[in-house]
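Shared between the two complexes below is chain A, which has chain B as its partner in the first and chain C in the second.
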Partner chain A sequence: MTDLSNRVAERAATRPRHFWTIPRRDALVGYLLISPQLAGSVLFVLLPLGLVVYYSLQEWNVLAGTFEFVGGQNYAKLLADPNMGQVLTSTALFSIGLVVLNLALALTLAILLDQRLRGTTFFRTLFFSPVLVSLVAWTIVWQFLLQQDGGVNGLLGAAGVDGPNWLRGETTALLSVVVVQVVKNVGLNMVLFLAALQGVPRQLYEAAQLDGAGAWTRFLRITVPLISPTILLTSIITVVGSLQVFAQIAVLTQGGPGMSTTVLVYYLYQQAFQFRHLGYGATLSVLLFLIVAALTLLQWRLRRKWVFHES
Partner chain B sequence: MSRRVKLALYALLCVLCVPFVFPTWWMVTSSVKPISDIFAFPPALVPSRFDFSTYSRVFELQPFGQQYLNSLYIAAVVTVGTMAVAAMAGYAFARIRFPGQNVLFLVVLVGLLIPSEVTIVPLFQMFHAAGMTDTHWPLILVPILGAPSVLATFIMRQFFITLPDELEEAARVDGLGRFGTFYRVVLPLARPALGAVAIFTFLHSWNLYLEPIVFLSTPSKFTLPQALTQFVDAYGSPLWNVQLSAATMTALPILVVFVLAQRQFIEGLAHTGLKG
Partner chain C sequence: MKAPLAALALAALLTVTACGGGEAPAAKGPQPLRMSIWTSNEAHLKLFKEIAAEYRKFHPQVGEITFDPIPFENYTTTLTTQIAGGNAPDLAWILENSAPDFVGSGALVPLKSKVENAAELVPAATRLWERDGELYAYPFSTSPFGVFVNTDLVKAAGQKAPRELIKAGQWDWEHANEINKAVAAKGKNGLTILNFDYKAWDNLATVWQGWGAKAWSDDGGTCQFNAPEMVEAMTFMHKAIFTDKSMPGPGTAVDFFSGDTAMAVAQISRAAMLKDATFKWDLVPLPAGPKGEYAVIGQAGIGVLKKSPRAEQAADFLAYFTNSANSAKLAAYFPPARTSLLTADTMAKTSPMLNGDQLQKVVIDGIQKGVVKPSHKGQAELAQTARAALDPLWKPDADVKAVLDGVCAKIQPLLGG
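Up next, the complex of A and B:
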């Protein structure tokens, strides 16, 4: 064995390599290193994406045992589905509420914690801690707290306010799911904003202050432009994340009351895995993909207007 | 800053903290309260006496120990697997030139654009056809190789791009090949990025809910999020005291690790690939 490799090495030393040049060997190593990820992307991303489009053209009900090509019938069904109006409204309200509240609160917290105060690390830890509590555990606790006689109304009662039955009213249920989700995850965006804020040179603020700019002007003219790449990044992550919320709704409200919290992903799950309409479920998946893709592209397009600098 | 402004800021921070801290506090304290305390109105902030009996009921009602192990080993395997796959692919895309590189990178990047919910129907069918439903394989293979690992690959690539060229030239002069450079020189330097990838991969796997309820049907194979919702009485109403004890057990390990390694945790997440 060693004899053989010695001889190979000798040969390599005495003769110029014809085929295995350095760029070629590099290329081989490159292909080897990316192969697991590439195979996974083809097998678990691209293939299912193709299949979901194919399935959406089939009438496929597992319970009824049907699987036949029906062309655009599922899409016609989608357009005529009396639930779709409510589902899309809930999805839009949920996403808008979540994104606005999340980004506003994350930025506020980050600015508060960026002040020269003692104990900001401590508060940062507290605001971040829900990120670490497992999602369903967090949701279960809130489900308990939001009951008619739960902790939230107990606290409100102590302040002399009569709280509603949060999860049973259409408006309050949607609001509850949004707030539970925002409090759970706002810590992540807060940390990203904090990192961005700490990258803004202090001299800029001092110079602006000398020029007589007030706190609000400094925020709008210095802070926002300089952290705009982070605002773009967090808004993309949060928008796409808001469309994927499932566990919170499944645990807190099961889409109710009525269909007030049935967002698209939850509706997709119901159709595909509870009612076993896999073809229609696939059609809803295509719709979800189109919405996510459109929103991502839109935000990416808007980056020229929003984002002050890109490195 | 004047004292008044400081005091006002502290007051504001304390009020804002309540919805972030109260639920966790409530969960942990309620899990050791007697049932009468849990429903006390107004709510009791500290237990009037300690009652640990619900902790043993968690294990009587379900194979909770097994479910705990399932979640732990799946999260561990997924984390290590993702780190390996993402470090390799990220390094190759960042530092090696090979034909078709850009096209292949775009192919991989499609995964960033596709929420896993979009592909859940065909993935279910694929694993069903392969006889792998009601096994842990879908919960392990898809996160390691599929869309969830693409973000990790992207983060690793962003990190490797920032390394100076001279580093690899020096390694090459010292006689290391590509694999040697990657394994012995570059990978040890990538510890912060790998740490961040490990944290969010572990959390992602630990929280996974849709996939387990779609793929698994046998209680002894369940993962924790799925198991938590199963503590109900004969009428389907939640057994609150048992649920809160079980929830505490799933939340505490990560919280404890976090408190111990708080700095690295937050900074690791904040500084990863998000600089441009």
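Up next, the complex of A and C:
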């Protein structure tokens, strides 16, 4: 046996070594398969991200064509910006309002439309259809509905209520933008919740019912834990989406009245493209990226405490 | 394992450098020109293209000349984004509110020696586009504001037509407000200032100029929003909106051209929208204010961008596009700044919708004595800051003086004072 193994070892030692071993070939195939996605990520995600950080260290005068390194000046400007308090408050209020309203309404609608009743298909289509409508067209229609003598106040007037000037009041303007966005996109989360609800085994409800559990207990102890991965997914999508809302603000309020609806993305647009402070705009982009990343990471960490199962 | 990763990184880098770097190969054949404009009106574009086609007949080295319309609302933003993105047009229409930025930054090519008979340009029209005696954009459209009047609605409200008031020497803001108040009392709209919409406050210069008010001092360094003249003018407007209801309130969309509004402050290019009007209308000068008669003009210039690789050719085309003969054609839509064309007879030939008196009183007199709408270096940021600070004014119980003090507190640092 020793002779045999020695001979095998000798042969192996004298055989020319090939570079393309099976593991290397497998690795190459793997890299080739993911290379389009990898190239896309480098070109369209990592490179722009790096460029934004680079631009945030510059003062770029577009018209004069000058490009000057200013180090951390734009970050110092960010810390001293007197508008930032208002902008971050508006952003937080908008995001909290949007996330809470959207998720609550989407879950409620999904639970209602999960019943086996006549007409549920129609209502599912009805609530989902705004998702398919062009965002700008949707917002323009709402602009007419929300004006002083528009459709919303017309309906309120018919009920004997004198409606406010929705887009001109500091509180009502923010609320209006939130509602317009919620009605537009609630259908998407509703469909995700509906799919999750339909994956909950019915026998669990039957067993709980036999044990005397009421509807609320069944919801809290069975439905919520079993759809918790979907709640995590929708909350991440909605939080990130709420921080990126732009078109609705641009069409409905242009950040006003005052600065009550000037959220971070709109402020960034104003600074970079309207006021031509491109370096400062890039700095605000970095801030937005950090906020989105921090919130997403926080949600991802917290999932261990409340997400019941993960695949 | 490291080799494939390194190869991929190198490939990505090469792709990036191939996309963005290196000298462009030498241009061969006729070179195209592109001009950014805000209008997408078919009649305007047809005329532009005709002039461009004529030019190309004698300049075979020039390829296709395209006119690239950008929506008015985001015009300057889009234009500067194109410039930042390396996609700058060769020529660009520049609005008066961004003139100080474009001219002051040195982004434009000097034009004085190129423009045909530049000496005949009205000084009031060229002021905004000059620096150190050089002309950096051709004052393409110098358009005074006037008041379009729906005479049917005025008559139905039992009021004298503005033209009668002009004859009686009573055409002022107080009388105009009485007319609008009467029309509003009948359930229609009184006066609207087009494009204002409680955001574009610089259009209010068409009113406050009558009080002798200014947004800032002539040297641009001191805020004048809280000066007594401005407080009086804004108090008048606030009363018109919230007490007299003679101006539609904030958050109300109004369209003069549909026939439900008594008067609209606008530029004469809007006359084209009255082609199929179902009501009788007139165009009269702005009403006099406490400081007497006045005129306000909006302007647009056309400049050649220094960044254009064909700047020389673009300037040559601009000179042809705006020579006396073509300016006469363009006067049909864009009031010219050439004195030789500023006669009621000449303009009547190109503006058939307006009569000689309307052209003389509103356009020709307006261009001669008009004050350009407020413009300042960094106008976009100033406009936005002032808009936000002015918002509290558009409430029924606003303290006008306090709000205007607040505007000055906000914009003074931006004025450099």
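Odds and ends about this structure:
The rule we apply is simple: the second predicted complex is superposed on the first by the 274 of 311 C-alpha atoms of A that agree within 3 Å, B and C clash if a C-alpha of one lies under 4 Å from a C-alpha of the other, contacts with A are read in each partner's own complex, and residues count from 1 in each chain.
Assume a residue touches a chain if its C-beta (ideal position, glycine included) is under 8 Å from a C-beta of that chain, and two chains touch if they have at least 3 such contacts.
Every value quoted in this text rests on a predicted model; they were computed, and no experiment measured them.
Contacts of A:207 after superposition: neither chain B nor chain C is touched.
Shared-chain residue A:96: touches no atom of chain B or chain C. Of the two partner chains placed by superposition, chain B and chain C are both touched by A:31. By the touch criterion stated above, A:42 is placed in contact with chain B and with chain C alike.
Applying the stated contact rule after C-alpha superposition, one finds that A:148 touches chain C and leaves chain B untouched.
In the superposition on chain A, contact of A:55 is made with chain B only, not with chain C. Of the two partner chains, neither chain B nor chain C is touched by A:220.
When the two complexes are overlaid on their common chain A, residue A:273 makes contact with chain B and with chain C alike. Touched residues of chain A, counted separately for chain B and chain C, are more numerous for B. Shared-chain residue A:124: touches chain B; no touch with chain C. Shared interface residues of chain A (contacting chain B in one complex, chain C in the other): 27, 31, 38-39, 42-43, 47, 144, 149, 273, 278.
Here chain A touches chain B in the complex through residues 23, 25-27, 29-31, 33-34, 36-49, 51-52, 55, 109, 112, 115-117, 119, 121, 123-138, 140-145, 149, 151, 154-155, 157-158, 179, 183, 187-188, 191-192, 194-195, 229-230, 233, 240, 243-244, 246-247, 250-251, 265, 268-269, 272-273, 278, 281-282, 285-286, 288-289, 292-293, 296, 310-311, going by the rule given at the top.
Per the touch definition, chain C reaches chain A in the complex via residues 1, 4-5, 8-9, 11-12, 15-16, 77, 80-81, 83-84, 101-102, 105-107, 198-199, 249-253, 306-307, 378, 380-381, 384, 387-389, 391-392, 394-395.
Interface residues of chain B facing chain A in the complex, by the touch rule stated above, are 1, 6, 9-10, 12-13, 16-17, 19-24, 26-27, 39, 41-43, 84-86, 88-89, 91-93, 96-99, 101, 104, 107-108, 110-111, 113-126, 141-142, 144-147, 149-150, 153, 177-179, 182, 203, 206-207, 209-210, 213-214, 224-226, 228-229, 238, 240, 243-244, 247-248, 250-251, 254-255, 258-259, 262, 266, 269-271, 274-276. Of all residues in chain A, those touching chain C in their complex are 27-28, 31, 35, 38-39, 42-43, 47, 60-65, 144, 146-149, 165-168, 254-259, 262, 270, 273-276, 278.
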